[in-house]
Structure formats: structure tokens, C-alpha cells
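Look at the two complexes coming up: chain A is in both, with chain B in one and chain C in the other.
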Partner chain A sequence: MDSQQITTLTGVLDKKMNRQLKQYLDICARCAICKDACHQYVATGDFTYLPARRAELIRQIYKKYFTKAGEFVPALYEARDPDENLLDELYESTYACTGCRRCMYYCPFSIDTAWILSVAKAILIAAGRGNEMLGQLADASLFKSDNFEMFRDVIVSGFKDIEAELKELTGDPSAEIPVDKQGADILYVALAGAHSILPAAAIFHEAGASWTLSMFESANYGFFLGDVEKARKIADRFMDEAVRLGVKEVVITECGHAYRVANIFHEAWSGTKHPFKVRHILEVIDEYIKDGRLKVSRCIDVPVSYHDPCQVGRNGGIFEQPRDIVRALATDFRDMTPNREQQWCCGGGGGIVAISEMDAFRLKSGKKKVEQIKATGAKIVASPCENCRLQMEGLNETEDLGVRIAAIMDLVMECMDLPGRKQAAEGA
Partner chain B sequence: MSDDIKVDLELDLKGLLCPLPMVRVSQNITNVPVGGVIRAVATDPGAMADIPAWAQSTGNEVLSAGKEGSEFVFLVKRIK
Partner chain C sequence: MDTYLQITTVVGVYVAGVVFVAGMGWRIYQWATTPKSPVRLGMFPKPKTRGGRIMKMLKDTLIAPHSARIEPRMWLFAMMFHVAALAAFVGHLRLIQEYPVLPSLLGAEGMNAFAGWAGGIAGTLMMVAVLYWIARRTFGPFKQLSVPEDYLLLVLLLGVIIMGNHMRFIGHVHATDYREWFQSLLAFKPVIPDSIRFSNVGWSLGTHMLFVNALLIYFPFSKLVHTIGSFSANLVRSE
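What follows is the complex of A and B.
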């Protein structure tokens, strides 16, 4: 690697440097408590996935270029150039990380390894070594919004098909999936497919909510890639839509990272203050049930457990609402151990489900989640994150768990008194 | 017209939820030669926008995209 390239990469680190990052890089005592917190290290015993080791790669560059001791006596202070070998190691340990931040929870100094790895991703992207698949998916999202007129008809046509299902399900010919509705209270931001639209539409309809569906999906591969500019632009699509429509709140579907991007990062990235609040759909559903706006029966009589997605729970602060919803639907709720802030990551976050070369590793890393699910004896595991569900469905198959992995909205819909479903059952 | 096109790889993406159909096409595009064609069948309507957007942004080509009953059928040509 030539000096110009090294200057570019160390320049990225310099640009990201602030007091907090400097503290994270200076303070690690190598106590290795993080090794017992990381599901990937626990499952594999591979040093590559030890949180402190992941951070150490950035720390080595930091020592070489940001400390006098490392600059003058690099061998003694474990300082290192960002050479090709280091970048190879950095790529593997960084894009494998799900960003669950369980290591931070257990670290005596609260070192945020995921933060350090966001810097690692920026360095990898500057070196032309960002993950290609995540880059393609981010670019596809941006292409769709930059050329929206090209896709408008096909997107709206898809919504109309789902609306027809909604009318049938609710037995109400006037039921609708509104789009572009000026002055609606809620802008609901779903995923690209029907699965996150129909249940929410049925719930909003039954609750008599004033809502409109976003034209854009909430999934943000720019965030997984580690490209803040792309991540901001992807989120801008529905944030700008929310401003244009004058909604009171943006409600994010059952998706972990999209909720965190919208609720925690976007204002800082865009330098603007949202004129609306951002909530997760489960906060809204919980409110509807508790206010009596949404009637559900306790229709599930098999044991149900709940997996806290890291970006919704530990990193998003939503713990009780999903549990209260499940308790309203099921006679036998069984929490996993540990749970809430200490919940084990399932292994499916951070975009890793899209990286096929990591498939075998990803499933292996779900060891702790498999143990937790088995210990509950649950027949249904509910979780409000698409990546978590994909991972747990994979674990269900490979480990023969014999459980049903479900979105919470699907369970809610099953416990709603929907005339269309009753008619279909009677006709069957 | 699609009957005349030689398909190099068939992808059954039925039951996969978006964005997975797009992810699977992307993961498999290098499994056909340049100029080769993937025929992908999905059931999630989101794929109707996702797969063409992915193709355009990566410089590949969707030869056709259409609904056949409850399925969405794509012919995707690898360009580079």
C-alpha cells in the first residue's frame, strides 16, 4: 500500500476522531470480559470475533498515526500500518459483527465496539473494500428513489393488490391503504413486501387510525454497509415524505435497524430536527390495545416466547410493549433467559443475512439463541425484526427446533375478530 | 418472446420476503456467464420494483418482468 493510500485511510480515522472514540481506543484494559458477551466468539472460540480484537485492529492504526509512542516505537506499542493484511482481518471481523452491542453492555468501560467498527467500515469503504452485496442493495434503494417515476405505477399497483386483500379480510369494502394522504396523523413505513403492510393496514383500520403508507421501504442497507451518506439519503426518502405530508408521527414497521436509524441517527445525520415523533409499530399497537381501540382475544394457547431484537431492545429501548402485546394474545408467555438488555443476539443482524459467504458462520453463531429457545419450551417465538426472524427460521431448520417464528403483527392479526377470515374459515 | 430466450439458471424465490428475492438474484448473477440469463420466480410484490432497481443500478438488464397468476416472473440478463 502506497503512502497516498495510507494517508487516505488514516484521514478517514482522523475525520471520525472525537473525544469519545479516542477514549474507546485509549481505555481498553484487555480484561476480555467481552469474550463472554459476544455470541459469535462464544459459539466459535475464534479470536477474529473477539470484540476487543475487532477494535484492536483500528487501535493499531490509531497508535501508529495518532500517538507519539506508536509512531516512534511501533513494535513495542503494537502500532501498525493499515496494510492489506490488516484490511483483510478488518473486513472479516467488521462485516461479521451484527452490531448488537452486547459487548458494550458488559464492558466495564462501556467501550462501544460497534461504534469503532462503524469507523472500520468507513475505512474499508475508502479502501474500496466495503461489502459488495450491501453496497448493491443500498444502491438499488437509492436508484429506486432517484428514479421514482419509473417505479411509481408498479409500487402503487402492488399496494392496490394488498388493499384488495384488506377489504376481504376486514369485510369492509371501504377499507383502504392510503398513500400520499396529506394531513394524515401517521406515516407508516413498511418493508418492500406485502408481509409488513397487510397486518398493519388491518390494525390501523380496526383502530380507526388516520394513516398513510410510505412509498418507500424502511430497510436501510446503507446503514449496514457503513456508508453514512447513503444511509442518510435512504432514510431521507420517507423523512422528506413525512414533512411533505405534514404527519404527526412516523411509525416504523417491525424492523430493528430501520427504527434505530429513524429514531436515533437521522436527526444527527441530517442536522435537522424532525417536526414529528418517530415510534415503532409495536409502541402504537400496545397503545391501541391498552386504550381499547384495538380488540384482541387471548387466542394463542401454546407457549410463546419473545426475542428482543438488539436494535429494538438493547439499542432502541423498547422492552415492555412487545411483551405486553404477547401477553394480551397468549395464555402462556415465557421469557427467554437472559432477556431485555442482556438478551443474546440471534446472530442475524447487521446485514449479515445478505452476505452469503457468511451463511454457515452466521448459523453457527446462533448457538446461544438455540439454547435459549429450547429452554423456554415455547412453540412460537415472536420477534419484531425481519433479520432476526430470518436467522431464527434458519436455526429452526438446521437445529430442528420445531417452533414457529412469527412477526408480532401477524399474531395480533390472528387474534383480531376479522369477518373476512371467519367467512374464509366457514367456507373451507 | 421469453420462450425464445435460453435460461442459464432458474431461481425459485417463491415465499421469500423482500428484499430477499433481490438479494438472491444478486448473489446468483455471477453464477451465469456474461450474457447469460436468470429466470426468477417470486411471490412478494415488492420484487417488482426491487429486482429492476437492482438490475439498473448494477448495470444488468431485466429482459422481462411480469405477473403470472400470483407469481412474479423475471428474466434477468448478466451484462458485465
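What follows is the complex of A and C.
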């Protein structure tokens, strides 16, 4: 690697430097208490995935180029250049990381390894080693907003198809999926595909909510890629829409990272203050049920467990609402051990489900989750995150768990009194 | 002997003191002047009030309850070391000024006996903890993760502790004589009392201070800055 390239990469580190990062790089004692916090390290025993090791690679560059001691006595810190070997290992350990921040939870200094790795991603991108798949997906999202007129009709007609299903399901011919509705209370940001739109539409309809559906999906591959600029632009798509429509709140669908991006990252990235609230759909559903706006019956009699997605629980602060919803729907709710802020990551976060070369590793890393699910004896595992569900469905298959992995909204819809479904059932 | 003591217990102490204070000042200045991340890095659940956040930060920093849950043995040794180090530090304050109440209660003999066993316990606990840490870094992922800095610090600590214990367990010199030496340093009129020079622990004081000086000089440029940084890093957890 020539000095020009090194200057570029250390320049990225310099540009990304902030107080927290500097402290994390200065104070880590390499005590390795984080080792047993990481599902990937625990499942594989591979040193590459030890959280402190992942951060150590950035620390080695930092020590050499940002501290006098490391400049004069690099051997003391194993300080070194960001050479090809370092970048190879960094790519592996950084894009494998799901960003669950369980290591931060157990660290005596609360070192946020994922935050250090967000800088690692920026360095990898500058070195031309950003993950290609995530990059393509991020660019596709931006292409959609840059050429929106090209897509608009297709999107709206897709929504109309779902609306037809909604009319049938609710038995209400006036039921609709509003788009571009000025002055609606809620802008609902779904994922691509009917599965995250129809149940929410049925719930909003039943609760009599004033809502409108976003033209854009909440998934943010720019965030997974580690390109803050792209990530912000991808989130801007629906944030700008929310401002334009003058909504009171933006409600994010059952998706982990999108909720954290919208709720925590976006304001900091864009330097603006949202003129609306950001909530997760489960907060809204829980409120509807508790206010009596949404009638559900306790229709599930098999044991149900709940998996806290890291970005919704530990990193998003939503612990009780989903549990309350599940308890309202099921007679037998069984929490996993450990749960809430100590919940094990399922292994599917951080964009890793989109990286096919990591598939085998990803499924292997779900070892702890498999043990947890088995221990509950649950027949349904509910989780409000698409990536968690994809991962757990994979585990379900490879480990023969024999459980059903479900979105909470799906369970809610099953326990709602929907005339359309009754007719369909009677007809069948 | 006199030259050795002159270097380690007089000149070395001044050099180490200056480097330590300036180095830590520089480190804190660097942290303070680097802008904070605009992104909040806290995790949930987190206290809602500022007071609650500070209390949680103090608890997380001083007791590390989460670390205790995941690796109880490491936590035990770490607590052992840090509490004993704090006790030893407090004990060493006698070198600046005799405690106000305790000596009059215990009498001169009683005070020396108290300092003897209290210091002995602290020194032994610290030594055991440091030996545990060294042992822990000799195998598996702990060894893989370790860099020379880690061993250097542990060796320096071990040197400080062993020589301190040597003075504590072998020597018959008590705080009054050490205080005379240390206060003379503080007054910039350094004197090494004959009671130390001609005792059986003169060279141990010299070697104790050799390790102390080296540790203090390296301190601001090492991971030991976690003594200060852990407070602010743990506060970020609740932001």
C-alpha cells in the first residue's frame, strides 16, 4: 500500500474522529470481557470475531497515526499501517458484525464497538472495499428516489392491489390505503412487499387512525454499508415526505435498524430537528389495544415467545409494548432467557442477511438463539424485525426447530375480528 | 547506593511527577477539545433525569455490575485490585500528612500496626490480582488479544507491588521516616533520612520508586487513562 493510500485512509479516521471514538480507542484495557457477549465469537470461537479484536484493528491505525507514543514505539501497541492484511481482516470482522452492541452492554467502560466499526466501514469504503451487495442495494434505493417519477405509477398500482385485499379482509368497501394524504396524523413507513403493509392497514383501519402510506420503504442499506451520506439520503426520502405532508408522527414498520435510523441517527446526520414524533408501529398498536381502539381476542393458545431485535430493544428502548401485545393475544407467553437489554442477538442484523458469502457463518452464529428458542418450548417466536425473522427462519429450517416465526402485526391481525377472513374461512 | 537512591527517589520522582501531570493534562485537553459525536450512543434502558444518568454512570464505573454478570471471576479479581489499589493510595497519603484522628486513638505503635496489616492485605490482594491478570494473558484469546503494552504495564505494576510489599513485610521503617523523605521532596529540599539509607529497605524503596516512576511516566500514554476515561465513556451509555 503506498503512502498516498495510507494518507487517504488515515484521513477518513481523522474526519470521523470524535470524543467518544477517541476515548474508546484510548481506554480499552483489552480485558476481553466482551468475548462471551458476542454471539459470533461464542458460536465460532474465532478470534477475528472477538469484539475487542475487531476494534483493535482500528486502534492499531489510530496508535500509529494519531498518538505520539504509537508513532515512536509502534511495537508496544502493535501499531501498524492499514495494509492489505489489516483490511482483509477488518472487512471480515466489520461486515460480519450485526451492530447488536451486546459487547457494549457488558463492557466495564461501555465501549461501543459498533461505533468504532462504523468508522471501520468508512475506511473500508475509502479503500474501495465496501461491501458490494450492500452498496448496490443502497444505490438502488437512491436510484428510486432520484428517478421517482419513473416508479410512481408502478408503486401506486401495487398499493391499489393491496387495498383491494384490505377491502375484502375488512369487509368494508370504503377501506383504503391512503397515499400522499396531506395533513394525515401518521406517515407509515413500511418495507417493500405487502406483508408489512396489509396488516398495518387493517390495524389502522380498525382503529380509525388518520394515516398515509409512505412511497418509500424504511430499509436502509446505506446504514448497513456504513456510508453515512447515503444512509441519510435514504432516510431523507420519507423524512422529507413527512415534512411535506405535515404529519404528526412517522411510524416505522416492524424493522429494527430503520427504527433506530429514524429515531436516533437521522436528526444527528441531517442536523435538523424533526417537526414530528418517530414511533415504532408496536408502540402504536400497544396504545390502540390499551385505549380500546383496537379489539383483539386472546386467540393463540400455543406457547409464544418474543425475541427483542437489538435495534428495537437494547438500542431502541422498546421492551414492554411488544410483550404486552403478545400477552393480549396469547394465553401462554414465555420470555427467553436472557431477555430485554441482555437478549442475545439472533445473528441476522447489520445487513449480514444480504451478504450471501456470509450465509453459512451467519446461521452458525445463531447458536445461542437456537438454544434460547428451544429452552422456551414455544411454538411461535414473534419478532418485530425483518432481518431477525429471516435469520430465525433460517435457523428454524437448518436446526429443525419446528416453530413458526411471525411478525407481531401478523399475530395481531389473526386475533382481530375481520369479517373478510371469517367469510374466507367459512367458504373454505 | 546513594546515587541509586538519588536517581530513583529524588530526581526520578520529580521527572515522573511532571510527566504524569502534564501527560494527563494533555490527554484530558485532547478529549475535551475533540467535538462530541452528534449521534447519541446511549443504550436502553436509561435513566430519564441527569441525576439518574450520573448515578448510573458512577455505579457502572465503580461497580461494573454488567461485567460481574458475564465474567464473575475476572470481575472479582478486578474489584480486588482496584479496591486494594485505592486503599493503598489512601494509605500512602500518610506520606504527605499524618491522619488527623486515627493515630491519637490507636497510639503511635497501634497506628504502625494498623498500617502494617492494612497495607499488607492491600499489597497482597493487589499482587494476587496482578498475577492472575498475567496468567490470564498467557493463553487462548486473551493471549492473542494482548499487546506488549499489556505485559509492560503488568510487569511495572508487579514491580511496584512486590517492592512495596518487601518494604512492608521485611522492613522496620515506618511512615514517620518515609514522610520526612516525601515532605522534603514536596518542599523541594530533598533529603533521604539516614533511617532509610542505612536500613535494610533502602534499596527496596529505591526500586519501588523506580517502578513507580516508570509507571507514572508511561501512565498518560497507556490504556491506564481508563482511570479517567471510564467515567465519561460510561456516561455516554445513558445519553
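Assume the second predicted complex is superposed on the first by the 428 of 428 C-alpha atoms of A that agree within 3 Å, B and C clash if a C-alpha of one lies under 4 Å from a C-alpha of the other, contacts with A are read in each partner's own complex, and residues count from 1 in each chain.
Definition applied: contacts are C-beta pairs under 8 Å (C-beta built on N, C-alpha and C of every residue); 3 or more make two chains touch, one makes a residue touch a chain.
Being a predicted model, the structure only gives us computed values, none of them experimental.
**Q** Could you tell me if A:Gly366 is touching chain B, chain C, both of them or neither one (first, second, both, neither)?
**A** Neither partner.
**Q** Does the superposition put A:Phe109 against chain B (first), chain C (second), both, or neither?
**A** In the superposition, A:Phe109 contacts chain C only.
**Q** Have a look at where A:Gly349 lands relative to chain B and chain C in the superposition and call it first, second, both or neither.
**A** neither
**Q** Which partner chains sit in contact with A:Gly256 here, chain B, chain C, both or neither? Use first/second/both/neither.
**A** A:Gly256 sits against neither chain B nor chain C.
**Q** Which partner, once the models are overlaid, touches more of chain A's residues, chain C or chain B?
**A** In the superposed model, C touches more residues of chain A.
**Q** Which partner does A:Gly99 reach: the first (chain B), the second (chain C), both, or neither?
**A** After superposition on chain A, A:Gly99 lies in contact with neither partner.
**Q** A:Pro384 in the overlay: touching chain B, chain C, both, or neither? Say first, second, both or neither.
**A** neither
**Q** Which chain A residues contact chain B in one complex and chain C in the other?
**A** Touching chain B and chain C on chain A: no residues.
**Q** Enumerate the contact residues on chain A facing chain B in the complex.
**A** It comes out as residues 133, 136-137, 139-144, 147, 151, 154-155, 157-158, 161-162, 191-195, 217, 219, 221, 354, 356, 386, 390.
**Q** Write out the stretch or stretches of chain A touching chain C in their complex.
**A** 17-24, 26-33, 35-37, 47, 50, 52-53, 56, 67-69, 75-78, 101, 104-112, 115, 264-265, 268-269, 271, 313-317, 319, 341
**Q** Which positions of chain C touch chain A when the two form their complex?
**A** Within the complex, chain C contacts chain A at residues 27, 30-32, 34-41, 43-46, 60-61, 64, 66-67, 69-71, 74-75, 78, 141-142, 144-150, 152, 221-223, 225-226, 229-230, 232-234, 236-237.
**Q** Please name which positions on chain B make contact with chain A in the complex.
**A** Interface residues on chain B, with respect to chain A: 17-20, 22-23, 26-27, 44-50, 52-54, 56-58.
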